[in-house]
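Same chain, two partners: subunit A is paired with subunit B first, then with subunit C.
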Partner chain A sequence: MPVKWVLYWQPNQGSTVSTQILNEAAQCAESINGVKEGRWKATLNYYKPMLRDQSNHPDLPRDFLGISLADQPSKYYFIIRSQRIVVEADATIQLIMEKLQSYKSKVSLYFDGFQYQLGDFRLRVGRVVPVHSESIRGIVMEVEYLPISSMEKARKVMEEFVEIWHEALSKRSLSGKFVNSELNFGEFGLADTYTPQHTGVQYAIVMAHMIATVQPVVRG
Partner chain B sequence: MQSLQQLQLLQNPTEAANSQSELEAPPKQVAQAMERLNQAARVIADIRLGADRVFEALFLTSHPRTSTTDTSLQLLLKEDASMRQHLHDLRSIGKKLEESGVLTESLRSRSNSWGLHMPLVCPDGAVVAYAWKRQLAGQAGASAVDRTRLALKAFTDQKRRFFPHIDDGVKMESRSKKHRASHSVLEHGGGEPFDCKTLPDIQSRLEKLVPNVKVSTYGRLSWLKRANSLPGSGSDDDPPEASKLVFQSSSKLRSGLEAEVADKVAVIELYVPSVFRAVVSLNPAGSVDPDSVAFFSPDEGGSYLHSRGFSAHHVYKHITEHASTVLQYFLGFGTGTALYSLLLWICSFESLFSKPCSKCGRLLAMDKKSALILPPLHRAYQELPLAANLDVCEAYHGGCSPDDS
Partner chain C sequence: MECVVQGIIETQHVEALEILLQGLCGVQRERLRVHELTLKSVPNLGVVSSEVRLLCDLDQQPEPTWTVKHVGGALRGAGADQISVLVRTMIESKVSKNALRMFYSLGYKLDHELLKVGFAFHFQRTAHISVSVSSVNKMPKIHAIDEAVPVTPGMQIVVVTAPATPENYSEVAAAVSSFCEFLAPLVHLSKPFISTGVVPTAAAAAASLMSDGGGTTL
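Up next, the complex of A and B:
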């Protein structure tokens, strides 16, 4: 599977996130000869344990999330970030979750946006919106290098691409920048060859950053 | 034609001095030459018809029931006599034409006095209005010669590929003797000459120089099997099944040749894990003559993975194109070192995703021609076979390369 980096938008101090940034990013992709390919979508759920008495079980993980990825429509990925666990399951597991009711989804988020092809690179820019709401919580960007699947071998290529991207974006004087979350995949038991589990983990980290830094604001 | 009109004007004054001598005015000479050429053409046509009749007569003799041998003999005798007459006529016309300078250019300078020129019959049979028109035509012909040479080369390449059993006595032209000399003996490091004419030699040499590159050899059929069983060939569910099917159907077609070619190495695979897979084909099988090369992603698989196929990814597609040029360069020396040079050059791509361009210092750059962001796809190749290691092989982007290809 091609190597993918997931970046998120970090607004400058005092700035807010808006769809304007999304539009600017889309135009930026086209300015470096990107070809629009269509839309993409993913969903993420934060699960909370359903217990009558929470205090008796202080060790239960609070950061248990499940994510369905655009590339893998028939799969569902569970991540417990604090425990460094990532698991791939069949998408139908969500049915079981609903029946068991042991963990319920408290927060559901949509990622949706446009996809661009830039030669051997694939770019996805999308906004993060809570389900049943129109307010943007953040913006994510996926960068994929299609020819190879080794994280190590692709590192330099990805770094330089992100530099090129930053350079192109800086011409639009936006108040913020896309940030790549450095993380140690080895801690999650993941190897050098890229897999959807890598993507799941990246999203978990990205969401953690986003929640910490971004204030929920502005409609649309 | 202008000369005929002029001839009519001048006919009366010059008719008095009507002789075959060289004192005739140019228009009359030209008219006579044209007349004789026409006569010659008629005689040649008669000869052709006569030849047809001779063949007909011979045909009749081989089918006795259609006529008696007597009539056939008479026909043959009759044709023999008329053919001899025709040939005699042709000879005399030819002599006259020679005398008047039509078959040679001896009267060219004289014809200029009236601004008229004698028609010229060129050695290849073409008739041109005047001699130096041929030179103009000749210049156009020069490019035709080039085109013919290229066509001949393409033809011999195809002939060698599809009919290797036919003895090919044609020698390929080489670029320059100097290059040939330097390429015939390769030296490495310690200065000991190295014979790169056999496959095992080449393989062991490469294993020492570039240990990260896996070099494997295959027969054509076994490569097809391997290509189809590689992950990423689409049939992820049951790769061995797919390769089995291919093997069975191919074996039905090639049952006769299989035994013959099964053991001969026809495909060389160079695999650098996580970086690239290159496929080189040898023609004829069992030799050390490469005829094509292609690069692919290490994750690609399928029956399109062969030396004339193209990767689904831009970066490998572009390298493949560049590689064809480089292959032709190495083949051009005609010293039999092309395979070793090519494989060594391919190995320099181990650093495809890490070595920045020697000109601009960056790894990625926007390629102007294709409007794509690509790493350096060019690797220096001219000095290659004599290099001790591949670090000297400089990397360039398409647009940064010193030899713009």
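Up next, the complex of A and C:
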């Protein structure tokens, strides 16, 4: 599977995230000869333990999430970031979780937007919105380098692409930038060869950064 | 959803059963070596207490594969009583190898574990039917697969299952039931928890099968 980096939009201090930034990013992709290929969508669910006695709280994770990825429609990925756990499962695992009734999905988010082909790269730019809402909470960007599956081997070419992207985007004078979280995949038991589990972990980290930033939101 | 029946057979008759199954199923047998872990939720977790099974297929290459399985309630009522097989909800999902660690983190504890060793046949006969014949083994120490010993020495369990849907479970149950009749000389199969013991004439049936490799009609 090709190496993929998942970047997120970090607004400057005092700035907000908005659809306008998403539109600028999409136009930027086209300005560097990106060919629009269609839409993409991913879904992320935050799970909360269901407790019979609210006053008695066993030691349970507060960052248990599940994600359904656009590239893997028959799979589902669980991540517990604090424990460095990532699990790949068939999509039917969601039915099992419903039957168990021990955890319920309390917050669900969509990532959706457009996909572009740029030579050997595939770019996806998308907004982060709560399900049943149009309030944009963030912007993510996936950069995929199709010829290579090794994280290490792809590093240099990915860094160069991201630099070109930053340069192209800087001409639009936006208040913020796309950031790539450096993370140690080895801590999650993941190897150098890229897999969808790597993508799941990156999304979990991106969401943690977005929540930590706690930016004000604007409609649409 | 699945249809299930099971029964017990003396280990000395397993070879004869294998010959019979080979003839009936028309497929190659597969080795079965599955480590089954039953996990239960810690107190206070969940609307109700819950249980989930993790199955590790130890014979897969290059490394063991894991499945999560949730077994739910059985079909009830007059209709269910008419059916000779158990029909129950069942959901399975393949998972990556650290699923056990994930469930431990989520507040599930190991309730008990077993090692099932034997063989299985998977074939199509109106429904997709699986027959497994295995010894059930317990471990003296946690996860000590290599030290597992039979729970009931000299006896093995035969389980016949077939996946079903709410729309087709009657047909699937009939297919399973019909298939089980062929095994009646060696093993009596019934709904789980309704034990009927071994077949008293199994020895004669087994001798017949072993003497001519299964060519005799029972």
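Everything that follows uses one rule, which is that the second predicted complex is superposed on the first by the 213 of 220 C-alpha atoms of A that agree within 3 Å, B and C clash if a C-alpha of one lies under 4 Å from a C-alpha of the other, contacts with A are read in each partner's own complex, and residues count from 1 in each chain.
In the analysis below, a contact is a pair of C-beta atoms (placed from the backbone, for glycine too) under 8 Å apart; a residue touches a chain by one contact, two chains touch by 3 or more.
Treat the numbers as computed from the prediction; the structure is a model and nothing was measured.
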item: First (subunit B), second (subunit C), both or neither touched by A:L146; value: first
item: When both partners are placed on the shared chain, which of subunit B and subunit C touches more of subunit A; value: C
item: Which of subunit B and subunit C A:E182 touches, first, second, both or neither; value: neither
item: First, second, both or neither for A:N33, with subunit B first and subunit C second; value: first
item: Partner chain(s) touched by A:A154 [first = subunit B, second = subunit C, both, neither]; value: first
item: Partner chain in contact with A:L118 - subunit B first, subunit C second, else both or neither; value: first
item: Of subunit A, residues touching subunit C in the complex; value: 49-53, 56, 58, 60-61, 64, 78, 80, 83, 85-93, 95-96, 99-103, 189, 197
item: Residue ranges of subunit C in contact with subunit A within the complex; value: 41-48, 50, 52, 68, 70, 72, 89, 91-96, 98-99, 101-102, 105-108
item: In the complex with subunit A, residue positions of subunit B that touch it; value: 273-275, 297-299, 311, 313-316, 353-354, 362-364, 366, 370-375
item: Parts of subunit A lying in touch with subunit B, wherever the complex brings them together; value: 32-33, 118-121, 146-150, 152-154, 156-157, 160-161, 164, 192-193
